[in-house]
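In the two assemblies presented below, chain A is common to both, partnered first by chain B and then by chain C.
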Partner chain A sequence: MKKSNLKKLNDAYADRFGFSMPEKSLINFGFGLSEKVIAAISDAKQEPTWMKEFRLQSLQTFYQKKMPNWGPSLEEIDFDKIRYFIKDTDIEKRTWNDVPKEIKDTFDRLGVPQAERDFLAGVKAQYNSEVAYSSLQKELDEQGIIFCSMEEALQKHEDLFKEYFAKLVPAADNKFAALNSAAWSGGSFVYIPPNTHVKRPLQSYFRINAARMGQFERTLIIADEGSNAHYVEGCTAPVYSEYSLHAAVVEVFVKRNARFRYTTIQNWSGNIYNLVTKRAKVFADGVMEWVDGNLGAKTTMKYPSCFLVEEGAYGEMLSIAYAKNNQIQDTGAKMLHLAKNTSSKIIAKSVSIAGGRSNYRGLVYVSKAASNSKSKVECDALILDSKSATATYPDMKIAGDNASVAHEASVSEIEEEKLFYLMSRGLNKIEAMTLLVAGFIEPIVKELPLEYAVELNRLIELEMEGSVG
Partner chain B sequence: MQTVLLQNQKEFSLEPKQNTLYLVLLDKESSIGKIKVDLFFKKSNLNCQLLFIGILKNKSNWYLESNIKHLVPKTSCLTEVYLSQSDESKVDYLGQILIEQKASQTKSFLKEQSLIVGDAVYNRSQPVLEILNNRVKASHSATSSRLNEADLFYLMSRGFTKSEAEKILQEAFFNKILDSIKNKEAKKMIEDYLC
Partner chain C sequence: MLKIKNLQVSLNKKNILDKIDLSVKSGETHILMGQNGAGKSTLAQSIMGNPNYLVKGEINFNSHDLLILDPQQRAALGIFLSFQQILEIPGVKIYDYLKLLYKKSHEKKLTPIKFKEFLKERMEILNFNEDFIKRSLNHGFSGGEKKKMEILQMLILEPKLIILDEIDSGLDVDAIEVVAKAVNFLKKEKQSSVLLITHYSRILKFLEIDFVHLLSSGKIIKEGDASLVTDIENKGFASFLKK
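The block that comes next holds the complex of A and B.
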C-alpha cells in the first residue's frame, strides 16, 4: 500500500473509530543477537552516532555479563531464539485464532473492547486513541511537559535525553540491563518542568500505545524541581505475546521537592520471562512512590529501587504479587539511604494460589552518611492452597548512626473463622475467599486510579473462580 | 521448659527436644565470633525456643546464623535474637525459617531486635522465610534502632550522666526478655551474663 493511501486510511480510521492502522516496516533480521542487528536497529531509527556506539558497547557488556546465579531459574531463556527487532508486518500475520482461549475468555469477562483486545493479543500492532491523545497532548504542551516516545525524544530533545539516559541504570548494571541498552525500542520519555503539577495521571488516557510498549522498552522520566506527576504503565487485562522475554529498563529522576508516582500493572501472558530493572534517584525533599502490581508472566524478577541521595528524600514502594498456575513472582524493592534524614517505606503483599510461588526479595541499605534515617518494611503473604509457596528474602544493611529500620513479614492462610462468618451470611466459598483476598490487597488497590482498581478487583475475582475449591 | 546452653562450639546441628529453650550467650570478650545453629524438626508435636543474647562492643565482629527447618506437621518454634551494639561493633545475622510441604499446622516465628548504643556500628540482618505449606503460621520481624532520645533526655534531666542513662535503658531492653523467661536456671544464666 502506498504511504499516502495508508495515511488517508489512518486519518479516516482516526476520525471514525479513534485508532489507526500501523505503518508497515519492511525490515527483517530473524532471530538472534549480533552487532549487525544492533547496528541495524540504530540505523532504522536514524539515531545519532553516540547512541549507536552506546548500543554496540552495551552488546559487548551483555556478552561479558553472567546470568544471575540467584533467584528463579532462567535456564530456559535462549537468547538465540529471540527476535530483537520486530517489524510490524509480522505482528499483523498473527490472527485472532492464534490467541489462547484463556486469554480470550478473560477479555470477554472483563469486557475489554474488541479493538483493544486485538492490540493486547498482538493481533493488531497499534491502538492509538488519537482524539484523546491529541487533546491531552495539547494540555501537556501548554504546561511545557514533554511526553513522547523515546525515539521521538532522542530526535527532538537530544541534549536533555543524553544528559540523563543510562545515568541511573548503566548497561553494566546487570545482564538484562545490558541487553536492554543494546536492543531497546519504544518506551516513554517524560519531562516535567519545575513547579509543574500534572493533574491527570499520564498514560491513563491512552494506556495502550504501540510506541510505548514492547519487548525491550526503555523509559526515562525527569521530574524537575517542585513538580508533581503520576505515571501509569501497563494494564490489568492480560497482554498476549509470543516473545519469551521482556526486559525493560526504567529510570526516574526526582529533583528537589518534586513528587512522582509510578504505577505499573503487569499482566503479561503466562509464557513470558519478565525481567525488569527500575530505579529512581531522589534528590533533597523529593518523594518517589512506586506502585507495582504483578499478575501475569511465567517468571517475574522485578525490584524497583530508590537511591535517596540528598537530605530529606523519601522513597515508597507498594506492591502486590499474584502468583497462580506455577508462576513465579519474584518481586520486591530496594531502598538505598545515601544521605542523612532520608526515609523509606515498603509494603508488599502477595497471594499464591494453584501452584504459584511469590517471593519478596528486598534490600534496605543505610550508608554511613545516612544518619537519622528511617525505614519500614512490611511483607504479608497469603497462601491459598497446599500446592503453592511463598518466601521472603529481605536484607537490611545498616551503617548510619541513629538509623531506625524495622522489618516485619507474616505468612498465613485465609482464616477459617472469617471464611465461616462470610459463608454463614450466604456467600459461597469462592465468593467468601475472593472477598477476603480483595480485603487483603485493598491497602494497595486503593492507591490505583479508579478504573485500574475496579478492573484489578474484577480480574482477581475471575482468577479465583477457576482456582478455588 | 528445660534449658540447654549452647556453648564452646561454633556450629550446632540439633534435633530439638520437647519444651526446650536453647540459649546462646555471645562472648562479651571475644573480638570476632561465629555461631550457627540448625534446628531440624523431624518429630511432630514438638515445641521449642531458640534465644540469642549478645552485648557487642570493642569493635567486635560477629556472624550469627539460625536455620529452623520444619520437616513434619505440628511443630512450633520461637527464635529470638536480642543484641546491644556499641563501640564500632559489627554483626551479620542470617535467620532462616523453612517450612516443608508436609509440615502443616506449623507455627514458627522469628524476632530480632538490635539496640544501637554507640556510634559507627554496623548491623546486617537477613530474616528469611520459605513456606511450602498453606496451613501454617509464620512471621518474622527485625528492628534496629537507637536508644530513644526522649528516654535518654528524661534520665539525664534527673541527674544521670549520659553513660549511666544509656546503661539503664540497655538494662530495660534486656529486662523485657528476662520477664518472659520462666525457667529459673535460664533466667540466672542471662542475669549473670548481663552483669
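The block that comes next holds the complex of A and C.
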C-alpha cells in the first residue's frame, strides 16, 4: 500500500472513529505499576479486604509470570508507560440527562444512539475505566436480572460475586489475566435467574479514550439453570501514536439447560495490544455461543474457550478476524470436552489485506471421560494481496473413546474471474472487492445484531477504499 | 453502434480470433453461430473487456474506443454480457446487489419502495417468485436459475447492447420463451441491440433476427439473414466448412 493511501485510511478512521474528548479525570494515578497503585485502586473503589488482597496477590503473580512467547511478539509493551486507573465520574448516572455532555458527544460520534434507540434500556457504556452511564431496563429489574458494573455488583451482591469471581480464570492463568486481576476496573456483571429468558440483547460499549491508558475491564456472567440471554459488546477506539494495552477477562457460567450468547465486535485503533482471556464453563445440556469479530488493534491475541464439564454441553465459536496494515490477528478458540456426549463447533473466518496477518490458533481437547463427543472446526482464510499472510495452528488432543473430530481449512484469494464478472455489471473494483469480502464473512455477519452488521459492512467498504488501487 | 474492425484476439499466446469485422446497429438483432471452440465466447468476452485476452484491432461503441476502457466503463456505456460460465458469489444478497446495479446504471434515483416495485415488475417478466431475492447471488442455483438470474440483472441494467452467450443452453422451452420475452421487452422499451450466441435455433423463433454470422476457427465464414439459420440447421455446420 502506498503511504498516502495509508494516511488517507488513517484519516478516514480518525474522522469516523478516532477522536478524543478532553480528559477530565478526577483521580489520576500517573504511570506504572506498583503495590501502591493497586492498593489505591482498591481503596478508591472502597472494596472489601479480600478483594484488595486478591489484587495485591495477583500483582505478585503478574511479576512472576513470563510473557507468552508462543505467539506474536509483545516486546513493545512497556508496562511502566501505562496508566492503570482513571476514574472519570464518581457515581453512575441513571438517566441520560445526568450524563456529562462530552460523554454524550463521544457516544454521538460513535453512533451509540442508533443502537440505543432500540436497546436504550439495555445500554451499559464504559467511559475510560469506569461505567459512566447505566440505565437499567425496568423489565430487567422485574425479572430479577442483575446487570450492573462490576464495582456495583461487588458492593451490592458480594456473596454472589465472590462465589464466581476468578473461579474460571484464576489470576495465575496467564500474565495478562494476572494483570487484569490486579488492576481490573469496570466491566459488566450479569446474573440471569433460573428459567428467565431475556428477549433483547444486553448491550455494552467499551472504549479507550485516554492516551497510554490501559483498560482492564472484567466481565462476569452467570446464566442460571434454564435461562436464555444474549450479551453484546462493541468497541471502537481513537487513533493514538503511543502503544496501548487492552487486557480484559471475561468469565461466563452457563448452568444446566441454559443458553447464552456473547457477541463482541472490537475495532481497536491500530496501536493497541488487545489481549483478552475469555472463558465459559458449560454445565449439562447448556449451550454457549461466542460470536467474535476482531477488526482493529495492533496485535490481538484472543482464544475464547468453552469448558464442557457436564454431559450434553455444547460450545460454539463463530469468529471473523480482519487484519490490515501490518496488524496481527492471532485468534481462535478452545473447546475442552470434559464429559461424555459433549459437542462443539468452531467456524473461523479471516481476511488479510495490506500486509495484515491472520492466524487461527485453536485447541480441541477430548478428555478420557468425554466419550461420544463431537467437534467440528472450519477455518477459512481470504488473502487480498501478496503482502498479507495467514497461518493455521490447530491443536487436537483426543483421549476419549468414539470421538468424532473434523477439521477443515481453506485459504483463498479474490478470483480475478469474479472481479471481472462483477465489474462487467458496472461495479468499480472497490465495490466489487467489498461485495466479495462482505460475502465471504456473511455467514458470521448474519449472526450479528443488525446495526453491527451494517456498521461492519461500512467498515469493510471504507477499508477497501483505502487499500485497493 | 458497435463496430468491430480487423479484430485479433489471443489467449496465452494462442490465436483464437482473426480478422473479425462485425457491425451491430441500434435496435438490430444479430446471431452468432458456430461449433464449439470456434471463438464465439472469446468474441463476447473481448467486447466486455476480460483482461485475460490480448486484443488487437478496433472495437468501437457509439464512437468510444472500448479497448482503452475497463469492464466497468464498458458496462457504464450500456454494454451487457450474460456469461456462459456463471460464477457463484456466496454471501452477496441478491436484493442488495440488484439495488447497487440499479444505482450504478441509472441517474434517476428511486425510493426504496419505488425500487421494490420496479424490481417486482422485472421479476414478474421472468416468473421469479419474491423469495428469490433473499438468496445469495447464483449460490447453489440450478443451471436454469443462473441463466434467469443473468437476465434479471440485464433487466435491471437496461443495456443498450445485450450480448447473450449461450443463454439458451440447458433451458427448457418454457424458460427459453421467458428469456426471449425479456429480451424483446428491452428491444421494445429501450431499442436495445442484441448479439446472441447460440448453437440452437429454438430461441430464434421467439426473436426477430436481422443478421446471422457463422464463425469457424476464429473467422467469420458466412453471413446472411434469418434464412441462414434454417440452412445451417438442415445442412449442419460441416457443409459450410468445406466451402
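Brief remarks follow.
Assume the second predicted complex is superposed on the first by the 374 of 469 C-alpha atoms of A that agree within 3 Å, B and C clash if a C-alpha of one lies under 4 Å from a C-alpha of the other, contacts with A are read in each partner's own complex, and residues count from 1 in each chain.
One rule holds for everything that comes next: a contact is a pair of C-beta atoms (placed from the backbone, for glycine too) under 8 Å apart; a residue touches a chain by one contact, two chains touch by 3 or more.
Remember, predicted model here, so these are calculated numbers, not experimental data.
When the shared chain is aligned, no partner comes close enough to touch A:K345: not chain B, not chain C.
Look at A:A399: by the touch rule set out above, it reaches chain B but stays clear of chain C.
Annotation for chain A, partner touching more residues between chain B and chain C: B. When both complexes are overlaid on chain A, the residue A:K45 reaches neither chain B nor chain C. By the document's definition of touching, of the two partners only chain C reaches A:F420; chain B does not.
In the superposition on chain A, A:K162 makes contact with neither chain B nor chain C.
In the superposed model, A:R200 makes contact with neither chain B nor chain C. By the touch criterion defined above, A:R458 reaches neither chain B nor chain C.
The contact sets of chain A with chain B and with chain C never meet.
If you check the complex, the residues on chain B that touch chain A are 101, 104, 116, 119-146. Partner chain B is touched in their complex by these residues of chain A: 368, 381, 383-386, 388-399, 401-413. Within the complex formed with chain A, the chain C residues making contact are 48-52, 70-72, 74-76, 80-81, 83, 87, 89-93, 97, 100-101, 104-105, 136-137, 153, 157. Note for the complex: chain A touches chain C at residues 415-418, 420-429, 431, 435-436, 438-443.
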